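Here the chain labels run A, B and C in written order, and each chain numbers its own residues starting at 1.
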Amino acid sequence: MSTLRSPFRSRMRALTDHAVTGLAILATLIVVTPLIAIFAYLVVKGAVSLNWAFFTQVPKPVGEPGGGMANAIVGSALLLGVASLIGVPIGIGAGIFLAEFGRGTRLANAVRFTADVLNGVPSIVMGLAIYALIVVPQGHFSAFSGSVALGIMMIPTVCRTTEEMLLMVPHAVREAALGLGVPNWRSALSITVKTASPGIITGCMLAFARVAGETAPLLFTALGNEFWSSSLNQPIAALPLQIYEYALSPYDDWHRLAWAGALVLILLIVLSVALVRYVTSRGVLKGAS
Amino acid sequence: MGVSIQVTNLNAWYGANHTLQDINLNIPANHATALIGPSGCGKSTFVRCLNRMHETNPVARVTGSVRMGGMDIYADTTPVEIRRRVGMVFQRPNPFPTMSIYDNVAAGLKLNGYSNRRALDEIVEKTLRNSALWDEVKDDLKKKSGASLSGGQQQRLCIARALAVDPEVLLMDEPASALDPVSTSKIEDLIFQLKAQYTIVIVTHNMQQAARVAENTGFFLNGRMVEFDSTHKIFTNPSDKRTEDYITGRFG
Amino acid sequence: MPDIRASDIPAASPPASSPGSKPAGADSALPAPLTEVSAQRRFLLSRGNSALADRVFKWLMVLCALSIFGIVVLIVWQLVLRSQLTWHAFGFRFFYQTFTNPDSHQPMYWDPVNSLFSAVPFIYGTLVSSFLALLMAVPLAVGTAIFLTEMCPRALRGPLAFLTELLAAIPSVIYGLWAVFVLVPILREHVNPLLTQWLGWTGLFNNDNPTGLGFLAAGVILAVMILPIISSLTREVMSAVPHAQREAALALGATRWEMIRMSVLRNARIGIVGAIILGLGRALGETMAVTMVIGNTPEIHRSLLANGSSMAAVIANEFTEAVSNMHLSALIEIGLALFMVTIIVNAFAQVLVWAVTRGAPAQTR
């Protein structure tokens, strides 16, 4: 170790240390730059293209200026609503199974592993599978098939966060409910799930936000639609689909609409998350953790 | 009103661990009975067998019989039903954190489907008064969470929660071990008042506490009940050498 | 055992309590003894044991859990079923065969009109763009993680971590939009000419593509997209390294970098590899952003500035326009292959991350 004491070595060591620090700071700056760039572009380009018509009108035919994405906003809302109706109950149910009934069993491990597999399925493959499962037998593209694709993609996230949050509920609380002679199902729903509900809701919102911007699973299921539609049985427009289509179009007017759509989509995601946070934080009693 | 409890040949296991061995015991109605012994002697397992909480652990097993008011709780009924008749207070206060004080007290009734609001209001007030907590919480009944109270208040809230279903037996597993001396003395006062009305079984590692609140005391050691007699006799003239050693602090 | 009768019980003395310890509600004194069964007791006695409801509830939850199996099985079954056509026509050759264009005698891979299908250019495109992305993202992600866990002032740590996580919340199609209108022009005007000028001799940067699209553009946008996942997982495994390890190194007189290298990186390295592989899994399956910038040409070029395609991109791009069953089947078979590869990659990564965060000591040297 005596060589380490030579002045040259120690100066080198100090220099390396500084150099690495500098590199780490540089890396962080490089990472933050595209983020800021993306948001700046979204806000600037999106804001100048946003107007009232964007929210109230359907797309105009090629060549006519103006038009909006009202149908895509409604379509996205419908798709996501139905998707949540499918994905949230199944996900929470599976999470309850993992945390309350399946602890340590082989079935639970298998379910956990399968959920991870499902989570890793590329979204485009999910689109293919739902196309084969629903669109082909039905004979036509539909909003319903798109909702199913998005709903299935929500399940793993909801399931795993529900399990994690339920496991964080202290054992003493479960015992208290059992000790009162409360039936299992009631204690699971009214005590354990309720105690864990802030975390479970956050998990559902994460799943929702992730799925809200998904485009690939909708390409061959919901397909997109230039016109008004609110039927589950018909092709339907969605913001991400519309952004994709307009971004690759050759028209400047549509490019501007795409930027506006992107801004609205991001705001929609952020707002829905914030709204749920706010609503769930209001009903909380003083002193509750 | 409380009922008496007759325990015959009770054995309990945690996995391969034989934690209770051949317990025979008669617990009289409407009195407080204390169970003492060094930690790990099986006294907590024993009370958990009296409301079938022991079996909530997947590796736990019980044999023998426990009769309450003429009914064998292991043969004639289900865990859910028996736990509605046998209230339990745990070592650490465990109020439901998401519920208000009111809802905590009403939980045993509400969660079992009782929905008469007027009656609930009355029951909550009465039990909180009986648990000596009413004056401290009456202004925040529905505003504050049960978890916002102090430790001693939380434990009295848990007692109120157990009493609100009007149980026949009240089991207390070291109810004051996590509390400060003032809160402990309040809990003891409470036990003293309640025992006229309920059969109380209290586990404690604090011999003075047993001497203060209980008419009868049982001494557990290594999963067996060594001696059961009136508290006075156990503490002044025990018939077993091991009890005497424990009482006088010669081991444990 | 003595049988205790009520008559045996001595009159108990009241507890020795000081006046201060009297409970506040003690004025209510002893509750009046009940002469009959109370209303709540009668009600509870009338309730059943809910055994049926409990059983139904449990089986509902089991059903939810089992449905996850069902979904995965259905997905695999459908993909296998509907790719039978190409599987029977080409077998495993689908993944390596090449054809020759009868006119130009150039290699050819994908000709839906003449029913010639080979997955080679798409596999190539997926691999090239993903590895390019890893090449750029890994140093940046690890550097950011080191900065955030070991160097960053406490006040900056939260917001910076939040910002990098925010990258993960941006939808793929918005990355694609940004790439098309901002990244690609920058590459085309400024970066690609420089690369050709300085590194053209490697053959990797022949700038004969006027669009700015291609493997490099796809790689860059993929790098931005997988940065957050690699960085946040790396941070997780790095903070799982016990503090004592760091202090031990510092106590020996190590500089901060030596401490990071000796205790943090060495202990966390398996987890970091897991994080990188998880990032790779994400990059392999990424669709929209890649489709928008890779150029969608089923060709193989050595130059990273050339147009190409990827497995996900060709599905997104051609599926709705495919008319022949063979074409559809070929696309679904590519989807099936993509599915299997991502599952294997993800499972491998999960095992690595799990081994570290579960505290299993990494002892293999």
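In the analysis below, a contact is a pair of C-beta atoms (placed from the backbone, for glycine too) under 8 Å apart; a residue touches a chain by one contact, two chains touch by 3 or more.
Everything numeric in this text was worked out from a predicted model, so none of it was measured.
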| item | value |
| --- | --- |
| Most widely separated chain from subunit A, with each centre as the mean of CA atoms | B |
| Leading chain pair when contacts are tallied as C-beta pairs | A-C |
| CA centroid of subunit A to CA centroid of subunit C, Å | 13 |
| Between subunit A and subunit B, centroid-to-centroid distance (C-alpha), Å | 47 |
| Residues of subunit B touching at least two other chains | 80-81, 84-85, 112, 165 |
| Sites on subunit A at which at least two other chains make contact | 181, 183-184, 186 |
| Interface hub residues of subunit C, defined as touching at least two other chains | 44, 49-50 |
| Sites on subunit C touched by subunit A in the complex | 44, 49-50, 53-54, 56-58, 60-69, 71-72, 74-75, 78-79, 81-82, 139-144, 146-148, 151-152, 160, 163-164, 166-167, 169-178, 180-182, 224, 227, 231, 253, 255-258, 260, 281, 284-288, 292, 312, 315-316, 319-320, 331-332, 335-336, 338-339, 342-343, 346-347, 350 |
| Contacting residues of subunit B [partner subunit A, same complex] | 51, 53, 56, 79-85, 87-88, 90, 92, 94-100, 107-108, 111-112, 140, 143-145, 147-149, 158, 161-162, 165 |
| Touch list for subunit A against partner subunit B, complex | 170, 172-173, 175-184, 186-187, 190-191, 194-195, 197, 284-289 |
| Contacting residues of subunit B [partner subunit C, same complex] | 1, 24-28, 31, 77-78, 80-81, 84-85, 109, 112-114, 119, 123, 126, 128-136, 164-166, 182, 185-186, 188-190, 192-193, 196-197, 212-216, 225, 228-232 |
| Residue ranges of subunit A in contact with subunit C within the complex | 4, 13-14, 16-17, 20-21, 23-28, 30-32, 34-35, 37-38, 41-42, 45, 89-94, 96-98, 100-102, 107-108, 110-111, 114-126, 128-129, 131-133, 152, 155-156, 159, 181, 183-186, 188, 209-210, 212-216, 219-220, 223, 240, 243-244, 247-248, 255, 258-259, 262, 265-266, 269 |
